[in-house]
Amino acid sequence: MRPRPFLLHRPNTLKEASELLYSHEDAKPLAGGQSLIPMMKLRIYSPEEIVMIGHLPEMQPGVKQEGSTIVINSMTTHDMVHHNELISEYLPVLSEAAAAIADQQIRNRGTIGGNIAHGDPSTNLSAALLALDAKVLASGKDGQREIPIDEFFLDLFTTALEPGEIITGFKVDIPKNSRQKFMKITRSDTAFPLAFVAVNIQLSDGVVKDARIGLGVAAPTPIRATEAEEYLKNKQLNQETILKTAEMATKDLEPPGDVHASPEYRKNLLNVLMKRCLNSLLEEVKQ
Amino acid sequence: MMEGLVKVSIDINGKKYTDDVEPRLLLVDFIRDIARLKGTHIGCDTTSCGACTILIDGMSVKSCTMFAVEADGRKIQTVESLATDDKLHPLQEAFWEHHALQCGYCTPGMLMSSTFLLSRNSDPTEEEIREGIAGNICRCTGYINIIKAVKDAAGKINAGKETE
Amino acid sequence: MKFEGSREVNTSAQAVWDFLTNPNNMAECLPDAKSHEVVDDKTIKAQLKVGVGFIKEVFDSTISYSEVTPDSKDMKIKIDAKAKANTATINIDVHVDGADSAAKLQWTVDAVMAGRLASIGQRYISKVSDKVIEQAFECMMSKLAP
Amino acid sequence: MPQKAELVVEKAPETTAAFKYMGTPVKVAEDLIPLQGKGQYLDDVEIPGTLYMAYTLSPYGHAKIKKIDTSKCLELPGVHYVLTGEELKANMDPYMQIAPPPSGNLKDYPLAVDKVRYYGEPVAAVVASNAYIAEDAAELVDVEYEPLPVVTDAEDALKEGSPVLHDSVGNNLVWRGVWDLGDAEKALKEADYVVEDTVKTHRYAAVPLETSGVLATYDQSVDTITVYSVNQMPMFSLPIICGALRMPPSKFRMILPPNVGGAFGGKIINFTHITVVAYLSKLLKAPVKYVENRSENIMSGTHNNERIFHVKLAVRKDGRVTGAYMKAVDNCGAYPRYEPAGAVIWAQVVPGIYDVQNVYVDFSQATTNKGPTGPVRGYSRIQHNFMWERMMNRVAQKLNMDPAEVRRLNLIKAEQMPYEGPSRTIYDGGDYHKAFDTLLDTIEYGKWREKQKEARKQGKLIGIGLSAVIDSGANNFAQVKIINPHFPASGSMEVGLVMIDQFGTLVARTGTTDQGQSHATTFGQIVSEVFNTGPENVVFQQGFDSISNVWAAFSGAYASRSAVMAGTALYYAAIRLKEKVLTIAAHALGELESDLEAKDAAVVSMKTDKKLPLGDIATLAWLDVNKLPEDMEPGLVSYAVYKPDFTYNMPDEKKRVNNTLTYSYAIHGTVVEVDPETYEMKILKHGVVSDPGFMINPLVVEGQEMGATLHGISAALMENLEYDEDGILLTSNFWDYLVAGAKHMPDIDMKTIVTRSTSSVLGVRGVGEGGGGPIGSIVNAVEDALQPLGIKLLSSNLSANELYSKANKK
């Protein structure tokens, strides 16, 4: 299948791109296109105008350390996120999440900015960035702003980006004494995932000082398990607390259902993944 | 600026192809219908099957999930680039040796994914090969012979390197 | 696909009923209407841009009232909506009752979604149609009793 | 000319060792073409000025078409034409139906007329100057529908009061037939136990990686339509199409490009596309191309028969099954395009691999609001094989026996071969016990049973499952006469042509349509063998062409018939040609024919060592023809049509007939582990032991068996066509219709044991359709794994989601 026609814009600057997107309500930015183009080919989504942004200088792939912060540019591909040394070292949950996206070809082309801008609860990186308390760097016609990831996902396919705003990158403070894990269950690499979980806990002498948990395909948006995070704080990580955390993280969820997973089954998977993530971190600590 | 037809110029296998195209023209259609290189195939609508896999600036991508305009000014390799002077690429040799194809429809995509894999990992394990071709569907062979062929080709390429 | 909803309003059942049965009020509350036209006292034609987030389709829709029964305050609303490769047929049973300043509006929906979005968007489609209808009633009730 | 009977005895040696070129894993020369991206598949065929067609599809499962407005569509620049069912109805006849009336009264057109009956049914066909515009235009066809009640379940469809799909039929019954073979009633009465259960096989599709497609052109100068298609049985489809279009087959040229991207049965009922595109090309006097997109291929490109069985087995105390009584209902979707053939084709494998002579089957097929069904790898037999394998496990459970033991007890014995089944199928040799025992060794059955005990103590869910398939091949079309005695087809045939060109090159042609089965190399080996010369001297013509290539009316690659049918025809043709070559050489050399032999592209005298190259013989035969023996016809062309004797060639009043010429078989064993929390299933071990008969090229045969194994694994664990209650297909593309990838395919331990086929000339059996083998072993293994949870499985498709819901229902 082939996409419906659209008008193409190839702006020269980020500012120009923002202005275009602001003034053309039905325009959509195109980054790596790995989410967008398949939807356009199936004709379930057909923007009237496309604004190419992948070539803009401000967006070019790159990961760098600025003091205690890692900055990831928007066009950094999943494959780059997966293999980047800084990310593997300091933000392994993000690296693991990127590695688990679809297949090699899609990881070679899909970008972190496009992935997050999509506002889809089934994108791996959203859970990882929630767990890492990332900041989304957005550029609009009135300038730059930082949006805390907690405030970014508003509803299904709906984000906090204002008209004309484009994600230029992400900032993540390097967590201290952090243990991180990403786990996912999917029937097939390019299929809609069944469930995934991203965990980032700060440990001191086996006691959890802080915890952030991102859940995927758990709700209309990527979400955190805030109650469970609260519970886990200042607790020793052990079988009992792990079970309780998993239960609290999932008990009130109403995940979407489809032919591959009922809401109940998805809930169960999230619970199991939650336990497995924490258990695997517990194992790591023991070693 | 807003554009109707767009001039696109793409280097495919060392040859430059230029045409005015609709912005929505998929790269795979550019390769097949404008460059008239028919080795790159279409097998699905959802970026799942990998029959259209090519290398763009050395990276494997699915050419059905890119617009031709996105490839403007870039270098592409398709399956037609693998054999040189009628000499098969080691991967092609190994696919032949192991009967790693039946209908051959997935084969160009499989070869391009494998080429990328070996460019990055010269000695992949069986598991790494499975991961490397996870984005390519084959309905005929059951994959086992493909995995064997990729492993074998890696061995031969490495042996070749050592003797150089 | 079936779902239901209700809303309590600080006004009389009669006021709710009168407001609801006037298609002009409904027309003002159609979510994401690109255009609308009240054809007669039982029919609205509208172009509705419905979807989730940025994924939206424009549906040519006909909304018609039938079996309007003032005595029991029951009526049926039928929505026939058609877009490229997608159609929806939605039947809503509406009932109003309740005391003077505590009316209750109740609706039950039976929706048949057909086409590509119904096939591909199975995970979300029930939530969307549920939400669209709820929004329309919410909008009307808040106009009636802000 | 030699008689066939003599050939069988004299020329087909008993053992592989007797052959030089056949029986060896020759590398597949034609693989080199697609390997370099040089293959020519349908979509690669280009004709200047080609227009493109796209369909407008039904969004509903069942709805009345109230009005079609094409005005907006026609306004779009680049649009040439819009075709609707109304126009087709006025200009063509509905397709021939296999079933007799009343269901034979069904009116089937390639575009919906008056109403749509399944989700994705083509409603209009739009022709435009390119594929992009055609797709845009197809969306602008404005169809007004009135939704109708939907029926998706076959048993519901046969109930009184169910929505009726085809008014001209009056109800949803396609065909019903009863087989009363032996005395099942008596067996049940006398049984120690009656084991009863319901078994269900699910709906999945062939999904070859290349979808179906058509390119048609109309040549006014000769008033002929030329169609390039990927149809697997072009000459069988031709009368169906030409009958509907009211034109003589001789004015309709069928071509298959040299490469077809897989088929697996899924490229047979695509004659609907061919009809529409051919019609349009003639109407518009322009080449028209259509290539299915993946969604179209999944929605309507051939689903397999979804079947429900209600079974009672008569069982003796010792585990011997003495009879079977069953009611089976097929859900054959909205249009029975190849059905009800599936309602008899199962009878190729009535008792499976087990010695059961008393079988009663009451079989019905129903139309429903799902996509049309047709042959899918293992067509109609895998359902039946699956039923047997599930029921064997039920017997084991009932008697508290090891399921392997129950099977061993009931297997047909080697000394019973050739075995005549209750429906007069003749199983052509084999050693089922040896294959079965080899399989148990291969998967280390005993060891895994021990491991399973240990695992259960630790709360792990490990299960072991076994299953078998009879992979019947080279069908006898007479079986369709069970459905309709007037159906004009019986037996089987295939044609081979072998010639030597002017330069002495051997050329071979046959009517089969290669879709990845390596015909060129395999058939080249046969010709090589006869002429005792290397395959480099043989050219096999790839692709099919009803004008320039050979064909028989049943020609094609389906029903695992190519090696058996075309192989034999070529073998005969080659032998006939060799006779002529030797005669010419004897005349030229002045020697006795009996002193000469063909060798290395020449004829050599065993007496004098004199040698005459084939090139020289070709010169005599084609050019210097006055030097030929007196009265000899010039040229070096030999043509043979092979029509096998099935012994029981036609059905009798009890519906008994030998349905097929060869019956290869495979035993599968699977060890699975089910995750007790997520219910994900992982195959720890999978073994296959098959008996393909003599293998002309073991590399190719093993490739086919491996592919069939993949299809079975994918069908059991992934592929599922699921419809909602409104008849909307929820798995309409590869995001939701999941097919196995490299990560899903476990290592397969594959072994072959070879016994010659007693019924085929070369000793080969048809292979490659045993797609159902792993389905039974996987379902049995998963149920075995879940035994501690007391979960019983019903269907041939498993998902973790379903297992979870079963585990948490109690």
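We call the chains A, B, C and D, going by the order they appear; numbering starts again at 1 in every chain.
Here is the rule we go by: a contact is a pair of C-beta atoms (placed from the backbone, for glycine too) under 8 Å apart; a residue touches a chain by one contact, two chains touch by 3 or more.
Just so it is clear, the model here is predicted, and its values are computed rather than measured.
Colleague: How far is the middle of chain B from the middle of chain C, if each middle is the mean of its Cα atoms, in Å?
Modeller: Between these chains, centre-to-centre, one finds 50 Å.
Colleague: Counting in whole Å, what is the centre-to-centre distance of chain A and chain D, each centre being its mean C-alpha position?
Modeller: 45
Colleague: Which integer distance in Å separates the CA centroid of chain A from that of chain C?
Modeller: That gives a centre separation of 35 Å.
Colleague: So which stretches of chain C touch two or more other chains?
Modeller: Counting only residues that touch two or more other chains, chain C contributes 84-85, 116, 120, 122.
Colleague: Among the residues of chain A, which ones contact at least 2 other chains?
Modeller: Touching at least two other chains: 1-2, 4-5, 42-43, 189-190, 192, 258-259.
Colleague: At least two other chains touched by the same residue of chain D: list those residues.
Modeller: If we look for residues of chain D contacting two or more partner chains, we find 131-132, 139, 293-295, 730, 733-736, 739, 741, 743.
Colleague: Chain contact topology under the given definition, line, ring, star, complete or other?
Modeller: other
Colleague: Would you mind giving me the full set of chain pairs in touch?
Modeller: A-B, A-C, A-D, B-D, C-D
Colleague: For chain C, which residues are in contact with chain A within the complex?
Modeller: Spelled out, the residues of chain C in touch with chain A are 52-55, 57, 84-85, 116-117, 120-124, 127.
Colleague: Could you pull out which chain A residues touch chain D in their complex?
Modeller: The contact residues of chain A facing chain D are 1-2, 4-5, 42-43, 185, 187-192, 194, 258-262, 264-265, 268-269, 272.
Colleague: Which chain A residues qualify as touching chain B in the complex?
Modeller: 1-10, 30, 33-34, 37-38, 40-42, 49-50, 52, 54, 79, 102-106, 108-109, 189-190
Colleague: What part of chain D is in contact with chain A in the complex they form?
Modeller: Against chain A, the touching part of chain D is residues 131-132, 135-136, 139, 293-295, 677-678, 680, 718, 720, 722, 730-731, 733-736, 738-739, 741, 743-744, 799-801, 804-805, 808.
Colleague: Using the touch definition from the top, list the residues of chain B that touch chain D in their complex.
Modeller: Interface residues on chain B, with respect to chain D: 22, 24-25, 29, 32, 36-46, 48-49, 51, 78-80, 82-83, 88, 92, 95-97, 99, 101-108, 111, 129-131, 133-147.
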